[in-house]
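Labels for the chains are A, B and C, by order of writing; each one numbers its residues from 1.
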Amino acid sequence: MASRVLIQLDPDPQPSTFDAIVAIDSGVDTLLRHGSVTPEASVPLVHGAMFTRGGGELASTAIFVGGSDVAAAEAVFRKVRETFFGPVRVGVMLDPSGANTTAAAAVVTAARHAVLAESHAVVLGATGPVGRRVAGLLAGRAGSLTVCSRSLERAEALAGEIAARRSAAVQAVSLGGSLAESLAEAAVVISAGAAGVTLLDAAGVKGCRKARVLIDLNAVPPVGIEGILPSDKARVLEGIREDLPPVAYGPLGVGGTKMKIHRAAIDELFVSTEAALDAEEILAIAWRLEGDSTDRG
Amino acid sequence: MASRVLIQLDPDPQPSTFDAIVAIDSGVDTLLRHGSVTPEASVPLVHGAMFTRGGGELASTAIFVGGSDVAAAEAVFRKVRETFFGPVRVGVMLDPSGANTTAAAAVVTAARHAVLAESHAVVLGATGPVGRRVAGLLAGRAGSLTVCSRSLERAEALAGEIAARRSAAVQAVSLGGSLAESLAEAAVVISAGAAGVTLLDAAGVKGCRKARVLIDLNAVPPVGIEGILPSDKARVLEGIREDLPPVAYGPLGVGGTKMKIHRAAIDELFVSTEAALDAEEILAIAWRLEGDSTDRG
Amino acid sequence: MASRVLIQLDPDPQPSTFDAIVAIDSGVDTLLRHGSVTPEASVPLVHGAMFTRGGGELASTAIFVGGSDVAAAEAVFRKVRETFFGPVRVGVMLDPSGANTTAAAAVVTAARHAVLAESHAVVLGATGPVGRRVAGLLAGRAGSLTVCSRSLERAEALAGEIAARRSAAVQAVSLGGSLAESLAEAAVVISAGAAGVTLLDAAGVKGCRKARVLIDLNAVPPVGIEGILPSDKARVLEGIREDLPPVAYGPLGVGGTKMKIHRAAIDELFVSTEAALDAEEILAIAWRLEGDSTDRG
C-alpha cells in the first residue's frame, strides 16, 4: 500500500495552512503544496499525480483544490477534471474558503431540527460563495426555498440558475422587499452573508414565527443575524414563540460538524480514483456522518 | 539514523509533483521542495544541507535537481556541486524531464535484445535533451553510432562533442541525407525526438533490415517511429524480416524500467555523500538493476 | 495526540533548508514551509494554525519565524503574536540567521569559563543582528558591559536602548577609541561582526590581559578576531598571560551548542501554546541544557 499523497492546489500566493493541517489530521502522509496555482499551471501538477503510480496505488494519490478565492478555485477544479482521461485519474475535492464543507454542515445541522421536505427555507446572503452552495443544496430538498440578496437582480439570477439545475422552484427576494413574508413562513433560516454585515436585525428575528432553526455562518463579528452568538450551538432562542422556541447556531457551533465533514471528505478521496467531490458529493458524506443511510432532503 | 531528507530544486515556478511522488515512493521521509530555483538561489539551500547534520547523518540529506527545463537544471546541478567543499557534501542527482533515467532505461532495454558492442546504433532526435543523453551513453558502448537530427549542423556539433568526451567515433546525419544507409545497418534504433514529430515513417521502418530492437521514447502522440504504439513492450514487429523479426518499445513500455531506475537512483543518494548522479552514474545503477555485475556496453 | 506540525514563516523567497532540517531533526512530523512572507501575508497562515485543532491538540501546532533577513523576520514575529487572541494561540519562535540561538550559545559558552556576574564583558560588532542579542543578554548578567561598533553613534544608541530595557549600565565605544581600555579589563570578549571584517587584530588580542574566554561568531573567513580559527573549541590561547591563559572559540566550536539549543527550543514550542521564544526565552532553554537550574547571569 503506497503512502497517501495529497496535492494541495491553491490559487492564493501562500497555500492555506488551514487546508494543510486538516489534511494531515485526516491521515494524509505527504502534502505537496502549491500556491499561485492557475488552471494552466495545474496541468503538469495533475500529470504528476496521474503518471507516477500504477494500478491500485493510483488511489493513494489525490488532489485538494482550496484557498480563499472561490471562483479561481472552481476554475482550477474544472481544469483538473478535464486533464484526467479514462481510468487515469485520482480523487479530487473542491473546498475553497471551506464553502462546500460549511454549506453541507449547515444543511445537515438544519435537518436535525426540521424535516427539510416539509419546511420553507430562507437563505440570506445567498449570492456569496457559501450562500450559493447552501441554496443549491436546499433546492429540491426543502419543501420550498427563498433566496435573498441585497440585490434583487442577483437573487433572481441565482434563483433562475438553481431552478434550472435542480428542477425546483426557487423564490428570489431582496433585503427589505418581501423578505418579511418569507421569514414568517420559514422553518429554516440560514445566513451566509459577507463579513461584518447584519442581514437580519432583532425585529426581523422576531418575525420568524414558525422558525425551528436559525443558523449564522458568518465567522467575523458582527454576526449576520442579530442575537446569535458565534459559539451558539442549538441554543434556545427566547421571545419568538413560547410553545416551540427555535434554536440558534453560530459559526463556531456549526464548526465541529464542518470539520468532521472536511476530514471525512479527504478520507473519501483515497477510496476511489473516481471521487470528484463538489457540494453535492460532500453533502452525501455529511448525511452519512449524521447516521442517515438516505438523503433526508 | 536521521530521517531521509531530500531537497528538490526545480527551475520551474511550480516544483514537479512527478519528481516528488517518485521520491516519496523511493523511501524519502521529508521533501523540501523549491520552485523557481536559479543557480544563485540554490547556494543557501545547499548550505542548509551541508551545515545541519554532522558525521554519518550527513548522508541522510540529499539533493534532487529536476523540473522540465533541462538546460536550467543542468546549470543548477553544476552550481550545487561547486558549492560543496571537501567532505562537506551530500548526494545529488540530475534528472530534469526524466532525461537521465529515460536514457538509461532505453539503453538497458536495447541491451536486452542486442549485444551493444557488436551493434550499430542509430539515435533519432539525438540533439534533444533525452537524445543527447542516449547518444552519449551509447558512444563507446555500441560497436558504432550514428546520431541524427533534422539539422545536419546540430548533429555534427553533437557528434564532435561526444566523440571528444567519450573517445569514440560518432557519425552525424540529418533526416533524409544518408540516414537510410545507417538504418540499414542498425541493430538498435532509438528515437527521442520532440513531441508530435514523426521521424521515421513506415517505409523507413521497413528499411531497418538488420534491426533487433526499435525504441520510441516520445510520450506524446504521434510517436516518432510510425507503427510503434506507446504501450509496446517487446512487441514483435512483423514485415521487416521474417527469420529474426525485431521488437518494438513505446514510451510506456520503457516506463516501468525508467521508474525502477529513478527510484533506485534516489535510494543511492542516501548511501554516500559522494554520489553525484548524472547520465553515466544513473546508467551504472540501471545495469545493476538488470542483474549485470559489469557494464554491458 | 495529534502529529507535530510546524509552520515555517520565512521572509526570503526560498524558505531556509537549514531551519527546515533542524526542525525535522527536532521531532517535527510535518513542516508547512512558506517563503516571501510579509507581516500581512502571515495573518491567514496564523489563522490556519489557530482554528484547525481544538483543546489539547492546539499545542501540536507551532510556528517558526526564520530566514536571513532579521528585521523582516522580527516584523513577522510581532504580527504573529498580535494575531493570536486569548487562549487561541500556538507556540512561536524567532530565530532568523540563527541570531537568537547563536547569541544564547555564545553566552552560555562564555559562562563555562567566567563567572558572568563578576566579569567585564566586551561585545564587538554589537550593533549587528547577533551582536545586539548577545549584548542584550549580557546586560544585567555580566558585571559590566561594553558594546563596540565601528560607529560610536550606533554603539551609543544601542547602549541607551539596552540600558533602558534591562535597567543596566552599558558603556559604548567605537573601534579604536577607548576600546583598548575596555579590552584590558574584559574577562569575556565576544565578536559578532559582519562577515569578512577583522575587528580585533593580533595586537588587540594581546591587550586582553584579563581575558578568560574569547569567542568569534563570524562564520565566514576571515574571522573577526585574529588568531582564532573557525573550529576552535576551548583552545588555549598562548601569549596573552602565562599563568591563566584564556580559551578561544570559533563559530564551529560554538556550533554544537547552538544546534542543541535550536532543537530544544523547537521541542519547547510543542509543550505549551504560550511559548513565545525570543532571545531571553531561548537563553533560558540554553541554561537548562547546561544543567543549570537557575540563570547564571
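The working rule: a contact is a pair of C-beta atoms (placed from the backbone, for glycine too) under 8 Å apart; a residue touches a chain by one contact, two chains touch by 3 or more.
A quick note: this is a predicted structure, and the numbers were derived from the prediction, not measured.
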Please report how far chain A has to rotate so that its Cα atoms sit on those of chain C, a copy of the same sequence, as a value between 0 and 180° in steps of 5. 120
Homomeric contact chain A-chain B: same or different residue positions, threshold half: different
Could you put a whole-Å number on the gap between the CA centroids of chain A and chain B? 47
Give the residues of chain A that touch two or more other chains, as numbers and ranges in rising order. none
Applying the document's contact rule, which stretches of chain A touch chain C when the two form their complex? 12-14, 16-22, 24-25, 31, 33, 68, 259
Could you pull out which chain C residues touch chain A in their complex? 2-3, 5, 7, 29-30, 32, 34, 36-37, 41, 44-49, 51-53, 61
